[in-house]
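Look for chain A in each of the two complexes below; its partner is chain B in the first and chain C in the second.
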Partner chain A sequence: MKSSGDSKRWLPYLIGVPVAIVLAVVGSQAIVSVLRPHIYSGTVIRGDTPAPTMEDLQFVSGDAVDLGSFDDSDAVVLVFFGYTNCPDICPTTLSAVSKARNQLSEQDQERTQVLMVSVDPERDKPDRLQEYVEFFDPSFLSAGGSEDQIARVASLYGVHYELGEGTVEEGYLVDHTATLLGIGSDGVLRVVWPPDIDAAALADDLEELLS
Partner chain B sequence: MNAESGVGKDLLSACTLDPVDGTGADQVAVRRDDISTTAGSGFGGGRLGGPVDDELRALLDTDSPLNRPGDDPLDKIAVGSVAIADDDSSGVFEVGGVDSIDRVGTAQSGVVVTTDSQRAGQSREIQHGTEGHRPGDPPKPLHGREATDPTGSSAGPKDPLLGDGLQLDTDERLVIPRWVKLGGGILVAVIAAAMAFAIFEPIQVLPRFSIAPGYSLLAQDGSTVNSESARGVITLYSFAPSHCGDECGDMNLTMAEVRDRVGAEIDLGEVDFQLVTIALDPITTPEQLAVAAERSGAQGRSWTWLGGEENEIRTIVGDGFGRFFETEDDGSIRYDPGFILVDGNGMIRGNYRYQTLADDAEKLVQHVDILAEEIRYADGPGAVAYEAAHLFLCYP
Partner chain C sequence: MNKARRRLIAGFAAGMLLVVGACSSETSEITIADSWARATPPGAESAAFYGVVTNLSGESDQLVGVSSPQCEMAQIHETTHSDGVAGMAPAGADLLSLNDGEKLTLEPGGLHVMCMGVSEPLVEGADVQVEFKFEKMGSVEFVLPVQAG
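What follows is the complex of A and B.
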């Protein structure tokens, strides 16, 4: 005949085992999320080569683009090569970047600088270019230069572009690599995001990059 | 010898060796919450004989390695009886007729003893109090707990330390909850798995050095080839003057061998592979490239010669790919032979200085295999493993 003592003996196990299982599952999930590397939505470069210089290019102010000046503010610089007459991928990308930036904390927003380089110097004069990028976010910066200067910098950032047929008056398209490039606060090109980046995923990546 | 003992400490970490009946060291009396042993009944009388004496004496030795805090000083010793006295002898217990003592320790309220019960179902928790107990008083507990008795009865409180199956628990021992042990075990397992991953490198990857330069160059068939056409394609680049003759023979042989062996030995799946040689001298016509291609053994679309103007080549090869070359006054080109492996995302994954031996092909083929495997399996659940491999520098 079972005594009440038998039930009491098993009671701790009846309660403790399920609790232990739940704690183990939750705990292991927490541990894995801490130990697991952040999976970027772009390609991470683990080398330490400094990002190619952009000093051949100029801001709308006429000042040369000095990536080192962003290092001083411990900022991450997102570089995008596009043009103002771009019908789709450029506004889509800049919109996504703006949304992602707005999802960051105020402090992280201040440490995130977006820079668009025009691959269409013929049509994208400095004022027009800056007005274009500010439409997406007042903090965005733009840069341009001569054809040779832009061609060189673009090549070093893995960007290929090709002007389509047509004149300025007729209009033309520019085929261009639409990747988004992330330069870390250490001045090293760290992440290359593909076109059609998702804003939420980019925000997560930026938080990781800024941490 | 007289030393301190107290709550939580090994009962016998300090002891006073006083003969009890004057017969010498055969008997030991351990005061102040320590234990005295008797071979018979009654405190202070009799002696223990044989091996038990020696063992008990060793335990009482403060220098004995057995006598450490937390040890069970009388663990598994068969003794006839044990008398327990506190420092003022206000409480004296005699434990008789037990087969062995399991644990001995001290509690705030006094001495606790755990015995190994030989009689199932009988246990007691006894704590010895120091108040109101005088030498010679019969042993008494401060409070006791009747333990489980399979027969339904329980031992009476009459002589709590006498009789069989006393089961006392010390409360000084650190008890680690099982859930803490389980959580700790999981944490250790996860860390061990991570370390094993980093040490044994079940997955190897090629490092992502930097981004490959963008370009738009002339091809040997007269078409324009740009870097975007290499998206999704593993590309092995070499660099040489278009008029390179026998001096480029070995390097061209290596390229050819890599092309043939990758095709024959590696299952690329849906991944494409191509070879590209970029001419280091200024190229103005596709015919220059066609001649170079024929001389080098470059055939078909799997191996293409590309060329362009001097400034373009300087930017692409010199600055972008980081390869040294210099045009001499006589038009000859001094350069650093080598290969660069680029993945389908435009990332430089390998930078190989050319050796004079053709064993470069072996390494190149192996690396193309590693890269192809990463491309095939790095999506979905494999992404975490491959990113971990990059993080832990699991390079060949």
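What follows is the complex of A and C.
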């Protein structure tokens, strides 16, 4: 009799303590996951200096490239400097960007604009450049300009490039900054990703930027 | 009896041919795995081929050249990164020297076969032929599937 009375007294604790522990663990994990800051795979740029504009450059459609025009709709603009005769790193980056964009919700996809700027205007005529980027994703845009215009815009973005030796007929290589630049909805350069960024990691960063 | 013996000899000879054939295909001694060629975007005049080349010849060897009927010129190139600036240059001989059992990894963003002057666009699902020339092993041919990036 005595022992059964004891067990009845302990019963609330036997049930209540484990339940409380489980609730505490689950609850704290939920709080941590909500509060934990997103860790970007790219390099986060601090400060609110607006990204340089690309007013001089032209979209293939002929419209001026004004990154400010994307501000209206809470977008992220991903800018990549490259050239179409780049067989390794440019396709690697552009296909990762396409895969990352496809991993986003439809709404976020519409808010993610990819823009490739050619550092090889001599060979990359506007039609050819646009055809090239659309091979990776029909939504991608391209921009070109004269050699002077591209040199100016590249220097504004801290992009370096150097044409190798050789004529158009012989072919030549171009060394270039191959990072991917992420410009936020406020027109501020937010994140810089390395050229070999993983598509899933980039998608996570984009989701965070768009949230 | 005579006919039977002739048949026996013919059968033996055919068997030997099969054995020799099987051996020659299995002991090519330079192998390639995970190989692929990147489909070329419209207008692109160059392409890149990838794969893991392994030297199973039993001795060290040197990759001295690469060619493909699909390329005007092909070279092993290395993509280099320095402060975010990507460049490409023909790979140095030290990178192309393979001890017995050693692998040469050709992958996006690193070493790759740089195919210059692509004769016609490389379309996903098609094949490209590539020939690696080794100092001791001579020419080794492979067929690579064309894949989208």
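We adopt the following convention: the second predicted complex is superposed on the first by the 209 of 211 C-alpha atoms of A that agree within 3 Å, B and C clash if a C-alpha of one lies under 4 Å from a C-alpha of the other, contacts with A are read in each partner's own complex, and residues count from 1 in each chain.
What we mean here is this: a contact is a pair of C-beta atoms (placed from the backbone, for glycine too) under 8 Å apart; a residue touches a chain by one contact, two chains touch by 3 or more.
Since we're looking at a predicted model, the values are computed, not measured.
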Applying the document's definition of touch, where does A:146 land relative to chain B and chain C: first, second, both, or neither? neither
Touching partner for A:102 - first (chain B), second (chain C), both, neither: neither
Go through the superposed model and pick first if A:52 touches only chain B, second if only chain C, both, or neither. first
Pick one for A:16: touches chain B only (first), chain C only (second), both, or neither. first
Touched partner set for A:160, first chain B, second chain C, both or neither: both
Of the partners chain B and chain C, which touch A:177 in the superposed model: first, second, both, neither? both
Chain A contact check, chain B vs chain C, more residues touched by chain B
Considering only touches as defined above, state whether A:195 meets chain B (first), chain C (second), both or neither. second
Touching chain B in one complex and chain C in the other: list those residues of chain A. 160-161, 175, 177, 192
Which part of chain A faces chain C closely enough to touch in the complex? 84-89, 91-92, 94-95, 128, 131-132, 135-136, 160-161, 171, 173, 175-179, 192, 194-196
Can you name the residues of chain A that touch chain B in the complex? 3, 5, 16, 19-20, 23-24, 27-28, 31-32, 35-37, 39-40, 43-47, 49, 52, 148, 151-152, 154-162, 175, 177, 181, 189, 192
Residues of chain B defined as touching chain A within the complex: 148, 152, 178-179, 182-183, 186-187, 190-191, 194, 207-216, 226-228, 311, 315-316, 319-320, 345-347, 383-384, 387-388, 390-391
Chain A touches which residues of chain C in the complex? 38, 40-48, 77, 79, 81, 84-89, 108-109, 112, 114-117, 148-149
